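Please see the structure below; I have some questions.
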Amino acid sequence: MIGSKGSLNADHCEKEKVVFKKITLEKLGDLVSALKEKGPLYAPVRDGKAVNFQKITKTADVTLDFYNTVFSPKFVFFPQTEDLIRYTLQKEGAQAEPVPIAASPSVILGVRPCDAKSFEIMDRHFLGAGIIDPYWKNRRDNTVVIGYAFDPAAPPDPADFYNTVGIHAADTEGSDVFMVRKDGELLLKGITKKGESLLKGLAVLDAASAQDEAFFDETIRKDRGVKTRFTEITDTAIAAKLVGSFEKQEIWEEMTASCIGCGTCTFVCPTCYCFDINDETLFRKGARKRFWDACMFTDFTLEASGHNPRPRIFQRYRQKVCHKYSYHVTKYGCISCVGCGRCTRSCPVNIDIFSIVEKVANL
Amino acid sequence: MQNPYIPMPVEVVNIVTEVDTNDIKTFRFAFVNKEDEERFQYLPGQFAELSILGKGESPIGIASSPTQKGYIEFTVQRVANLSGGIVTAALHDLEVGARMGVRGPLGNSWPIEYLEGKNVVVVGGGFAFTTLRSLIHYMLKEENRSRFGDINVIYGARTPGLLCYKEELAAWEKRKDIRMHVTVDKRDETWTGREGFVPTVCREIAPSAENSVAVICGPPVMIRFTLPVFFELGFSKENIYTSLEMRMKCGIGKCGRCNVGEKYVCKDGPVFSLAELDTLTREY
Amino acid sequence: MTNIKQIEENLKREAKRLLESKEVSVVLAYARGYDEHHPLPYAARTAGEVGNLIFNEYCTYNLARYLTKYPPKTKIAIAVKAADSRAVVQLIQEEKVKKEDLVILGIPFIGMKDPKTGEEIDQKTTCHMANPVLYDILLGEEIRDAGAGSPYDVLAELEAMDQAARWSFWEKEFSKCIRCFACRKACPMCYCDPCFMDASRPRWADKSPTADGNLMYHLTRFYHLAGRCIDCGECSRACPMDIPLHLFHKKMAKECETMFGQAAGMKIDDKPVMVNYGNQDSDEMLK
Amino acid sequence: MDFEPKILGIACNWCTYTGADLAGTTRLKYPQNVRTVRVMCSSRINPSFIIRAFQLGADGVLVGGCHPGDCHYGTGNLYARRKLAITKKILEFAGMDQKRFRVEWISASEGNKYAEIVEEFTRDLKALGPQNTFRIEKDSRERI
Amino acid sequence: MSRIGVFVCHCGLNIAKTVRVSELAEFAGTLPDVVVAADYKFMCSTPGQELIQNDIKKYNLDRVIVAACSPLMHEKTFRKVIANAGLNQYLLSIVNVREQDAWVTDSEDEATAKAKALINGAVYRARLLQPLTARFIDVNSDVMVVGGGITGIQAALELAETGKKVYLVERNSTIGGHMAQFDKTFPTLDCSACILTPKMDAVLQNPRIELMTYCEVEEVKGFVGNFDVKIRQKARYVDHSKCNACLACTEKCPGRGTSEWDEGLVKRKAIYIPFPQAVPQKPVIDRNACTYFKKGKCRLCEKACGQSAIAFDQEDTFREIKVGAVIVATGYDLMDTKPLVQYGYGKYPGVYHALEIERLFNSAGPTGGKVVMRDGREPQSIAILHCIGSRDKNHCEYCSRVCCMYSLKFAHLLKEKTHGDVYQLYIDMRAPGKGYEEFYNRLVEEDVKFIRGKAARVTDKTDNPDFAGKLVVEVDDTLTGRFATIPVDMVVLSPAMKPRTDAKEMARLFNLSTDKYGFFMEKHPKLAPLSTMTEGVFIAGACQGPKDIPDSVAQGTGAAAEALTIVVKDRLELEAATAIVNPASCCGCQSCVRVCPYGAPVFNREKNVSEINEALCKGCGLCAASCPASAIFTRHFTNDQVMAEMEGLMEF
């Protein structure tokens, strides 16, 4: 399980220097304003039926009354599209300018524990294996994550299964600051030094009491909070199961028979990082862009020669599951799925990755 | 921090059309910035992303050898089909003096250290000979030659006109420290050399498996028929190396598309021994 | 209207019979998903698998989408609601499937619900016909009093807007698109693979999700679906960004009906309107 | 300076393009706002071309083909008429002013008609002003 | 990157007067990938062509853009130019800065700005141009000539003379056409029949001409070099293989039909040959006039026929022929003058139209060559009215070219035959042919009264008692400026020559364009007067516009030569710009199969993709535009080429 491996964020604060604050929900706007002053703020906003993280322009847009967002907040570190190089094609050749990497310090407010965890998983990929992705690193270094416990009173969405991957409803891991709701108040605790210094600089916050602290500690206890779907898996066991079942084509075909091959699951996923790079030019001006891609698309692995190593949907779905539950385990030491249930909820045909993993685990 | 997504500027200093169908050319690039040249430390078998702004990038094996100083070379086939091949087509339209970008070196190399002290059988087919050419140049360099045992090269193409690096092949033929076996599938009036498919030639030459490593690169069909020959000759899977091709974008193991099982071909490959490949899934 | 439980029973009975008699090798219907509110499209291949079949209000998804993935001559039974049956008819018109290879299990039912929202699906998002237009076996009683209202009524608001307002409406909607392509993949009529959007010669639109590329994608797709869209509303339900694509499709369907006098997927011997022309065509339609 | 609309013309080789040539041969004068792409038949026109033209900044698009029934390829423009009619409806429903998209049947002998239509279309577009609906702003193509 | 050369033509002053050509070349030189840009006085001249060729070599160009006149004019010329310099001919782009730029504005700024945009578009497109290789196709060496008038006869004879097989298709039961109706021909006054009938006979005798009378072209498929033509043989009800042309049947026949040949002035039998010298000399039965067909009994002809050639049960039959080229020489119709009520044709028996008069002159005509009117009188005064319908904006704006001359001929003959007063009412006297002016002068001396003015009205109502029983022609005499009324016995109308009433259908059949009147359009009025936009189909004679006999004959000969240029070849190079399917993208929707007018795309069920038979493809691009998956490439007009051109056009 992910938790057992420890996180890459090694600057956990020590017990005695705990920074612990609170604010009433009515004053959420003040908190938002204060955070906004520190730099770009990303927080949940309701738009139509959906709640999603957005860069906040209007304080009042922020809502903390939501179950979880349709999209994960990964885009804060890994935007769907970004320019790497901008160029102008001229007679003498291309005039090119790499786009400077300089993120301003920013905050993400209201990240559910599973999503906070996802950032650490993505760190392993983007910052690991000997090559550092400068775009991810720059934004990661400059962003404070304010985690937000699931409401213990609200039933979990039937699609969720974060318990299965070792995350609990008020898991603080991956957050710099963790936030728990107590009646009409928000309790905020610094988890990392980065988080603590943020909290210290927020004058709008009140000091929290010992009672609050007890409530907080009780809430974030691993065995507390709502329980999602659960099946007993361990990283290495499920990885091995997947390796073992890889060639069992019929099983995979059957499990993924209804998949239509769209990319929705990967786009809403907090740990999907596949991207494409493409040059896009108009009237001689253009940019080399990188942007989200999806392993579920036919052309993801299609070679110019016409050869495609994964021409069929079941192969692509198998790739997705194996990537998250097997390859990532072997390569980076943890499952790259946080059980947020987004892929299941968003799937146009209700395919459920949990059911598939469960089935493989029990093969 | 060096941004691994930003190519280094190079200038085309020479272009050689290798084959009579004109769709394979070797490009020689010189780095525009000296420090880039120093940074571009590579070994045979590695590749780089060739970048033409406005068209995109294409991963191409490095055809030159690090022993050749002052330039790097790439042999590129123009992929002429209706679906793609935009970058290679643009490359083929380049002229000497043009500027473009190179991002690399990327991926792993032929197992140079492992090859040391061993006999090396180099097997190549068609235009996939590029990084093998790099390897041969590397091994034949005076200061390197003694590190390796016998070198046998089996290289084939469909027709004599489709053989790349003809002058170098001729020069190597004359050398005593390398045995060349160049063959064509179908001879024409200009060809006085061998005729026959690469697997057949391999069987004829029958290199000894004793303390030997086979390095094979070629079209899939050639590999499929050549491998059994080497197994028959007693080569173990640990001693047969090949290079994989996959659709790549980032070249640095981040974009997620070129994986074969847990390995990213761009970063953990492209060179794998057959023993390694056996541990991977068959999605390539 | 036949009780939905009864429909489920009829479905199971017919599926069992068809599979046992080897009349078909596949029955396309639904099975339980991760809960009963989220059914999964399901292909039963043996009589034993028929037990997995379900049918409830949430069995919304248009199964015609799956027809094109079977090799030619596969004998398939498919459970269809009204709009789904139109998709089947349209696919027959386009020779993607053959009528003789199909056993169409018609489901006359009104009151389906969107699994994502739990909301009832009505003529605002679908053609809302009550009875399948083509079937071999009807799994419930034909519905006679389906209620009034045209599927195009929902367009009134957009149609009444002035052009600028309509543009700002669509500009906002299209700019939301993230190019997950759920719309085209969920669509029973979008069977191109690769899609024109995947082409590299030319790139019709930037591969990255730019606003202008989104516009090109969606408008072109509306064109490709013009006269073919059978108004099942699957595109909008599939869209994670809640873009009301079905409204545009509806409008095109309405225009095609008006101009060419033919609605999509109604008769198997119709010719798709955009690969056809008629003696009645006049330059009036270009005005 | 007065607003000079940019019109993208797409003309079929056999009728409209030839008709436009005839307008020249007979030295008719008309505004120089049309830039014409020659295609072999109006049926060659992919509706995406029209969308693209507006994205590229065309203030108007003029499609010209043979009169229905007179198509060099027999039935090409009968299909084209349906395609273009639907294109028009798409543009209109998307919020593009439909006056910016014109389809005209201009035969090889109708040089004067060609000139008149260009004149009239240019005048109409001047009255409408620049098309900013689909136009891609050249320098601000990024997205957050 | 491409190496593009841009060559700007001044076309003397045609372009250079309005477009600042040197500025244009300079601008082109600044565009990416353009390695050379030059301007020159006449690019199409030999030195101009050499300039391009030298620059191709000097600069190693791989694409050439010529900014000059319309591509319809010189694309082929410049294709040859670059091909001779070693470049694939399709790596050329023509920018039309003359017809669609320099000639249509007076503003230098506007013309130059537009030219720049057009060149930029061409540069964008040129980068994506692909070399194409021409396809060759075997050529059928036979030719079909449609129309058996003098033009068609001439064309057929000339072609047959070269050894080619000719199918001469004629819808009437005889060849000869209008010329067979004439009595004398202007200006020489030689006998029409005397010069025509030997040619008709030559057709009949020529083994290489297959005469197909009483036939109509039903369907034309295929393309240059390989037309498949379906021909309807209308039922003659006489088996011509048995008939020995004794014509006994016609004597016995009680049926009465209207003689077309005599312009309805008399009746003919139901079984008939149109006129005595008809070719073939074998009768047909006019179903509408035949007693047997109308009443179910009679069959006198059958009894009269010693050869048992009468075949009442005959039906229309169809025959398919294959030819390499087609000559359309379908002629003209005389304008129906009835709607011009002011001239009283059809109302007053004394009003005749030109062809009727021709018949009255003819010794084989209804009056045996005597000029007598419908009431049997010989006219003592006759007015010939020119430009009836011609040169009239309400009817036919054009001049019918022959009326002046045949009216003079009429005047001469009328004078000769009746010795009466003959008036010529003309707008302008047009006599531009060889010997025509002389003929006019001769008539002036023959005491024919010339009144310059268009007749306004013909009436029998008059207050003048002297005019009683006469037809009164009212005219504004534009020479004297007086309004004149002329009492005459007979009025002869010279109506416009018009396209055949079914010219539109014919045009559709052969894929021809028509001008605004309905005459078939030539490819170029000066340089390709006999060619059409459909390769391999040529036009000749009055179907292209009013013509006299010498011009028609000349065109017939010319068209024969044009057709010969195709059928002398064993193989023909076809346009290479055809469509191709990328099987990797084809979704098997079969839209292309459904729309193609030529049946070029075929669906391969095994592979589930469409494939295009390039021999049938004409490159219209309909399939490409109908393909939802962008799987079809219309070579030379591919989606990316068109899109790139648009981008270039819209950049500035």
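All chains are identified by letter, namely A, B, C, D and E, in their written order; residue positions are counted from 1 within each chain.
One rule holds in what follows: a residue touches a chain if its C-beta (ideal position, glycine included) is under 8 Å from a C-beta of that chain, and two chains touch if they have at least 3 such contacts.
Quick caveat, the model's predicted, so the values are computed rather than measured.
Colleague: To reach chain D from chain B by way of touching chains, what is the minimum number of steps?
Modeller: Minimum step count, chain B to chain D: 2.
Colleague: Which one of the chains is closest to the middle, using the mean of its C-alpha atoms?
Modeller: D
Colleague: Where centres are the averaged C-alpha coordinates, which chain has the largest centre distance to chain B?
Modeller: Centre of mass proxy via C-alpha means gives E as farthest from chain B.
Colleague: Look at the interfaces A-E and A-C and say which one is made up of more C-beta pairs in contact.
Modeller: Answer to which pair has more contacts is A-C.
Colleague: Express in whole angstrom the distance between the two chain centres, defined as the mean CA positions of chain A and chain B.
Modeller: 40
Colleague: Per the centroid of Cα atoms for each chain, what is the distance between chain B and chain C, given in Å?
Modeller: Centre separation, chain B to chain C: 50 Å.
Colleague: Could you put a whole-Å number on the gap between the CA centroids of chain B and chain E?
Modeller: Chain B and chain E have C-alpha centres separated by 65 Å.
Colleague: For chain C and chain E, what's the span in angstrom between their mean Cα positions?
Modeller: Here chain C and chain E have centroids separated by 52 Å.
Colleague: What are the residue numbers in chain E that touch two or more other chains?
Modeller: 584-585, 595, 626, 633, 639, 643, 647
Colleague: If you look at chain A, which of its residues touch at least two other chains?
Modeller: 80-81, 89, 276, 278, 280, 282-283, 302, 306
Colleague: Which residues does chain B have that touch at least 2 chains other than itself?
Modeller: 81-84, 98
Colleague: Once bound in the complex, which stretches of chain B touch chain A?
Modeller: Touch list, chain B to chain A: 1, 3-6, 53-57, 79, 81, 83-85, 88, 98-99, 245-247, 249-250, 252-262, 267, 281, 283-284.
Colleague: Taking the complex as given, what residues does chain A use to touch chain B?
Modeller: 84-85, 87, 89, 93-94, 96, 98, 101, 125-126, 129, 131-134, 137, 243, 246, 273-279, 281, 286, 288, 290, 293, 295, 300-306, 309-310, 315, 319, 322-323, 326-327, 330-331
Colleague: Of all residues in chain D, which touch chain E in the complex?
Modeller: 6, 8, 13-15, 17-18, 20-25, 27-32, 35-41, 43-49, 52-53, 56-58, 66, 69-70, 72-76, 79-80, 83, 107-110, 115
Colleague: Which part of chain E faces chain B closely enough to touch in the complex?
Modeller: Spelled out, the residues of chain E in touch with chain B are 1-3, 62, 580, 582, 584-585, 633.
Colleague: So in the complex, which bits of chain B are touching chain C?
Modeller: 82-84, 86
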